[in-house]
Amino acid sequence: MFIGKVTGSIVSTQKIASVKGSKLLLVQALNVKADDPTALVETNRTAVVLDYLGAGEGDLVLVTQGSSARLTDWTKTLPADAVIIGIIDAMQIGHKEIYKKDA
Amino acid sequence: MFIGKVTGSIVSTQKIASVKGSKLLLVQALNVKADDPTALVETNRTAVVLDYLGAGEGDLVLVTQGSSARLTDWTKTLPADAVIIGIIDAMQIGHKEIYKKDA
Amino acid sequence: MFIGKVTGSIVSTQKIASVKGSKLLLVQALNVKADDPTALVETNRTAVVLDYLGAGEGDLVLVTQGSSARLTDWTKTLPADAVIIGIIDAMQIGHKEIYKKDA
Amino acid sequence: MFIGKVTGSIVSTQKIASVKGSKLLLVQALNVKADDPTALVETNRTAVVLDYLGAGEGDLVLVTQGSSARLTDWTKTLPADAVIIGIIDAMQIGHKEIYKKDA
Amino acid sequence: MFIGKVTGSIVSTQKIASVKGSKLLLVQALNVKADDPTALVETNRTAVVLDYLGAGEGDLVLVTQGSSARLTDWTKTLPADAVIIGIIDAMQIGHKEIYKKDA
């Protein structure tokens, strides 16, 4: 799974029928810097992911890719290769909290 | 899924029989810039994708990759790893519209 | 799918039994340049792919990767993740032909 | 499989139901340097992986990705694309030991 | 498939039960240079692969990735995403032999 930051959303009316009604979010992939493990940095990689958990802009999310993205109740038969499987509350590196979601 | 810009098309007459008749489009992958989330930039990555939605040159499209590309009515038995699942109408980042398809 | 240029071939006698007899070609992945959509450029990425269409050196080919590479009559049970599904005759970007196979 | 170094952990309460209870670790992908095969270097690539072996921070682990990540007793039905399949004790390059886990 | 050079091996005693007994090799991915198709160059990308063919250090091997890595007699039920499917004897680019395994 990779860590994504929800940055926006996509509207598409001409779609494969089975994906109609699914919410499409824009996420930017995040990495932890090798030389500074407390720094979470946005990469230039953008993905479009399905969301069934109610993620909002600014949230950090866990994204599953590939065939495993079809292993949720909503995606079993969808031509989709990326889905949010969790909204991140907190991340720890060592004993340091490097991210905490606003309450 | 990734965002692709349709740039052209491919003609191939010597093909695996099952893919004959399928439309093959060239797409260039797009990313949102990490340091300027209103800028949509073309990358150097080129993919060839199947299209059953009638996408045309200049359109931005959603592309599904891998085994999930076979989860449409047309691709179930095809040796294909990328298909357009939607033509993008609009993209929002925050309250800003960063892309709108010409009507 | 990605565009590959056939550059050479591989000989391997110690192989998993099921892939014996399959032709193994070297291909170099090609991209269209983002800032010059008429320029087709070779990348440094090299792949080894199965060929059942009779592709030859210098040909541009369409390569399917992953589990979908097993969706041909010859590859159903092979431990192979890349197969040529078409030999490219021509590529158009806008109204410009950027590649044409020699007759 | 790739080599990952466990650097931290993730807390996520809003999750797809099936992944509740699974331990989520942060790993940084490691490579051996091409020009110095005794140097193991952290890359900037960060992944989130499932752990059922009790890996701890600082451990080097083997990570399986994609559909194969579902081939363990715990992950068969999970929307997960990365799992730790082994904790690394030692790595040898030539006759040189380039890594040894603390006893 | 990609071309890998076997550089070393990995010892892991705490493993998912099904992979116990499998030999784990370190390989460095190789590419042919776009601007010098006779030069085979090691990249910085390191993978860990299963070997059932008896590959040794210094050998060039063909590696299959993803779900197709499970299509051998030994890997059908393993949580493994990379396996050696052949040991390379020779590689030709044009009429030039760019690699030949020592006899």
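Read from first to last, the chains carry the letters A, B, C, D and E; within each, the first residue is number 1.
Note that in this section contacts are C-beta pairs under 8 Å (C-beta built on N, C-alpha and C of every residue); 3 or more make two chains touch, one makes a residue touch a chain.
Source: prediction; values computed, not measured.
*Asks:* Mind listing the chains that sit against subunit A and also against subunit E?
*Replies:* The shared contacts of subunit A and subunit E, listed by label, come to D.
*Asks:* Determine whether subunit A and subunit D, two copies of the same sequence, contact each other through the same residue numbers or different ones, counting it as same when over half of the numbers at the interface appear on both sides.
*Replies:* Mostly different residues.
*Asks:* Take the average of all CA coordinates in subunit A, do the same for subunit B, and state the distance between these two points in whole angstrom.
*Replies:* That gives a centre separation of 20 Å.
*Asks:* Would you mind pulling out the distance in Å between where the CA atoms of subunit A average out and where those of subunit C do?
*Replies:* 32
*Asks:* Touching at least two other chains at once: which residues of subunit D meet that condition?
*Replies:* Correct list: 41, 66-67, 69-70.
*Asks:* What's the ring order, kicking off at subunit C and moving to subunit E?
*Replies:* Once subunit C is placed first and subunit E next, the ring gives C, E, D, A, B.
*Asks:* Enumerate the contact residues on subunit C facing subunit E in the complex.
*Replies:* Contact set of subunit C toward subunit E: 7-16, 18-19, 24, 26, 28, 41-49, 57, 66-67, 69-70, 77-82.
*Asks:* Please output the residues of subunit C touching subunit B within their complex, sorted ascending.
*Replies:* 1-3, 30-34, 37, 41, 52-54, 62, 64-72, 75, 83, 85-94, 98
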